[in-house]
Amino acid sequence: MTDENNHPVLIIGGGISGIVCALELYRLGVPVTLIEKEASLGGLAARFCCKASEACNKCFACVVDKKLKEISEQSQISQLTGAEITGVAGDQGSYKVSLAKAGKVSELEAAAIVVAAGIDPYEASGKGEYGYGVIKNVVTARDLEEMLRFQGKIYRPSDGKLPQNIAFIQCVGSRDESIGNLYCSQVCCAYALRLIRAIRHKYPEVNATFLYMDIQPAGASFHDFLNACREDKGIRFIRSLPSRVYHSPVTEDLRVRLADTERGEVVEEPFDMVVLSVGMVLKKEAKPLANLLGLGLNEEGFLASPAPGNGIFVTGACAGPKDIDRSITHAKSTAALVHNYLNGR
Amino acid sequence: MIKAEQKPFEEILEYLAPYNKILLSGCGACVTVCHAGGEKEGALLASALRMARQKTGKPLEILESTPARQCEPEFAQELSDTIGRVQAVLSVSCGVGVQTLARHFPATQIFPGVNTLFMGETVEHGVWEERCQACGDCILEKTAGICPIARCAKQLLNGPCGGSANGKCEIKRETDCAWQLIYDRSKSLGQLHRLTEIIPAKQWGVQSRDSGPRRIVREDLKV
Amino acid sequence: MYQKVYESKATAPAPINLKPEVLIIGGGIVGITVARELAREGVQVVIAEKGETLGGGVRDLHFFYDRPAAVQKWLGDLIEVVEGAGNITVLKGAKLKRLDGQLGRFQALIRTSEGRERTLSPSAVVVATGCITRPAEAMSDGGRCIGSSEMEKLLAESRDLPVAWKGQPVKTVTFILDRTDDDIKIHTVNAIKLAVILQEKGCQVAVVARDLKVSASGMELLYRQARGKGVLFFKYDEPPVLSHSGDGISVEIPDMTVLRKEERETVSLLSDLVVIGETFAADPETQELCRVMKLRTGAGGALMEDNPQFLRVMSNRRGIFLAGACRFPQIIAESLSEAHAVVQEVKALLHGGVYTPVNPVAEVDPPKCAVCYTCVRLCPHAAIGVERYGDRNVYSAPAEKNGDTLWQAARVDPAACFGCGICVAECPARAITLYQ
Amino acid sequence: MSTFEPKIVAFCCEQSGLPAAEMAKTLKLKIPDNLELVPVPCSGRIETLYLLKALESGADGVVVFACYEENCRYLQGNVRLKGRVGYAKQIMAKIGLEQERLEIFHVATNSGVKFSEFLMQKADQLRLLGPNLGKIA
């Protein structure tokens, strides 16, 4: 193992962005220390499921597992899990970072720091009208991802049965003045539609209703994918965000109050399950970290890009909502910039 | 090159029924290129035969060999040791290779594993089409390099016939009319006048098969 | 035998030397950004631009949506840096006619508009050819219905003056989105950006769209800002109806804010100008470029399908990278992110100056090869060619090259081989082995 | 019949099937007892002959864990494989072997659960089908 105190680049955050950034810097021969607060690397995206239907739907979740494997085989990259940054001293090109790992405090020197703190999914209970956390059969898309990834099936939390009729409510925590999140999380339309297609492929009998404001594109093949969704008879598109989800404590069935644009009236429609497409917010722990590093927040509440030249970089979704694909591209480009910086350019 | 395809499996199984040890001999030339009888296809056939026989409770032992070209005597000779150890040979080379083996191993049954179909070209990967019927009297200079004997359903020497419609053959609608192709290519070459010339009926007698196989003899080459 | 996927080999493939020379095809924003970054690293860069000027599609833009700077000034400064850099050569009117060889020994033949030819031997090639824009199908007479880039130009030229079009003042402008058959956010970004500027200049602006694609950093805020300034937004399910009305165009659209269909009134937006975003399409020349470079094309003739394994910037061939709108039209910030990712890939490739194949590599046994071209046709990485070997004797050919005899066999270039084994499985002579 | 435990040969693409197998192992999911994993760099590496040879040399069922279409690391590997499996099935039909004994199953790196579920189902199916009579023990 190389001397841990002699790593010029410190990457904070072992999610997909941090991992890719570390791997890319390693390819350029730059010694890296990757710090992750949790017990293992991977971050949020490592708990997503494959959303393929007949063919790959380009959700990029498999790439995360692949990169995770790549870095686990890379003993040259120093990986500190379960470690937290407690202090940062020094400036430009010569930082002293204190970190706590398992109660022990140590200090690292770094010529550059990359912040890849990541995001938290929006805490859906903040939108009380949808009843998340109160009504059993209201789940988040993230819950659904984990069901599919770790159990390979979907079911109603109340009775374990396969829901026949699911409503997907978009923009939960995004584009929402009432909670102060004035940005589009950019990923939710695509992931929700991909989940729907994956579920409909596995269970053709399940119908889905997609309740949205505007459909946001995601990548080169999205156009064809969206057309396939529109042609799918089992997916109903309704441009209306519901005002409330009610539930029957007896049957655990749900009623969603929405404006049905097809019928031209406000209805309360029954569903077996409601999935909230939660958006992104800056990771909770990123704010104290930003304070330590003297980083500000931008208008959308994500980490603002620091002024160039002081050796601090921000990459991935903590700099603004990004899907896995664009987080990887961003992390790669950050690696090139860090390398430039270290070479005095 | 020569194009071939594998014979129906049941047919092969049937004539191999009396044997329990055979040689499957492929060929590294034409039948390899058309994926009919090279090492890969030969091995597949061997594996299939072994399993089919195993199922019937009468196992078949198969030795495999793929000489570079079965139609040369030296390559055929290379097989003699192996052939001495088997009861019969299944040759997945063209009909020529089968006969070369038959000539060199008079005491051994040689069975064909493929049907030899035609001399043709690769139209695209996995698609082959007939181009020459070896009439022995080439007229391609008159027909803009497109052979009506091989490609016209009626083998017309002066076409097209009345059934040609929209550039397609009347016998099989998806086939291009050879004479339409000849016309189009002659036109683009500025050689349309050649088509006003009547091509006389072929002297089939010159290269007749009524006295047995056609034969080329180069006295200067003989040893 | 079915377990035998690899053979082991004592001798590893020889490392391939890589000179720091890179060819960039396309001198748009992505091409020049990659050039500038690589040149800073000491790489010799040649930009082959098919037109006579650098800048590409960004030349049609005048305003950023997310910052106040002027696009043309920014672009001009960048071009100046690139054209002034000692180790960047810019070839204009240049087209790639041939690309032979593989990683480390690419041979590129470029013909410039004066008919001169240049041969280059870059270690890596970056394709950044962008896309083309076509005027959207608008009203047939072309009057009062303009493209988004024409509106940008109009605004850039009018500066402090009120907006005028063909000498007539422009008071009302309507942007119509989603008339083109694609799902990209550029149109929304441009429309809202221009709507804010127009509204500030005293025009009444409306934006009519099926979906407002605000999935870009800061766009939701800009959208709010636009509404705050009085820009009207209408959404439609059925495209709006356009008709001439006096001196202007009337855009008619049902008021979707009323839920009951039968109660919806038709809103008529009388507009001095209607702006429709241009269609972005793959450059038809991409097809020829792909043929020359043996690259794959995806949907609509753009470069490369959307395969997650390629992480946006890789192509099917080792040492060839893609970025920007030649793959998929994006907003500037996203294209630049890809440009820097390409820089990273090229830097990582050239790092150390040699490429050593690490993956398994396929190898043809020449005497067994029937030269059927199966592998050459099927290799997804264009790594196999039929080459002449030294000895004409088919049955004892050494696997060394010596170009003066006739006998040929397939040969896998170890630098270009990805080690997938597709050729191994397809070879009808079973002449190819995967060595680890 | 009750003691018959079918042998399954599972070709696993190293880009998808193998990581899925590893995930199944990590999550301690059930897999059939008589399973032979054959890692391949890409499902495109699997020769038609390998499929038959696996059956010939003792497999009761052969499964190929390949990447989803449009997600092949080598672009065409899984598409070429599809053609070969089709060809192998034609040959199996001639031999008189049940088509269920050979199947492609698409997975991704993160499909550990699917991997396990599919194999358990396959084993049940093969148990009902009985031993492969073409195998040469």
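Each chain gets a letter, A, B, C and D, in the order it is written, and its residues are counted from 1.
Methods note: a contact is a pair of C-beta atoms (placed from the backbone, for glycine too) under 8 Å apart; a residue touches a chain by one contact, two chains touch by 3 or more.
Owing to the predicted nature of the structure, the values given are computational and were not obtained by experimental measurement.
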Indicate the lowest number of steps between subunit A and subunit D, counting one step per move to a touching chain. 1
Tell me, please, which two chains come out on top when C-beta pairs in contact are counted per chain pair. A-C
Considering only mean CA positions as chain centres, point out the chain farthest from subunit C. B
Using mean CA coordinates as chain centres, what's the subunit C-subunit D distance in Å? 39
Could you grab the centroid distance between subunit B and subunit C? Build each centroid from C-alpha atoms only and quote it in angstrom. 48
Whole-angstrom distance, CA centroid of subunit B to CA centroid of subunit D, is 36
For subunit A paired with subunit C, centre-to-centre distance based on mean C-alpha positions, whole Å: 27
In subunit B, the residues touching two or more other chains are 40, 43
Could you check subunit D for residues that touch two or more other chains and list them? 15, 47-49, 53, 70-71
Pull out every residue in subunit A that's touching 2 or more other chains. 56, 58, 62, 221
For the protein chains shown, what form does their contact graph take: line, ring, star, complete or other? other
Chain-chain contacts as defined at top: A-C, A-D, B-C, B-D, C-D
Within their complex, state which residues of subunit B touch subunit C. 28-29, 32-33, 35, 38-41, 43, 66, 68, 122, 125
Within the complex, subunit D is touched by subunit A residues 48-50, 52, 54-56, 58, 61-62, 64-66, 69, 149-152, 221
Spell out the part of subunit A that touches subunit C in their complex, as residue ranges. 24, 27-29, 56, 58-60, 62-63, 175, 182-184, 186, 189, 214-224, 226, 239, 259, 261, 264-266, 299-300, 320-321, 325-326, 328-330, 332-337, 339-340, 343, 345
Help me check something: in the complex, which residues belonging to subunit D touch subunit B? 47-49, 52-53, 55-56, 91, 94-97, 133-136
Subunit D contact footprint on subunit B (complex, rising order): 9-10, 40, 43-44, 47-48, 50-52, 54-55, 59
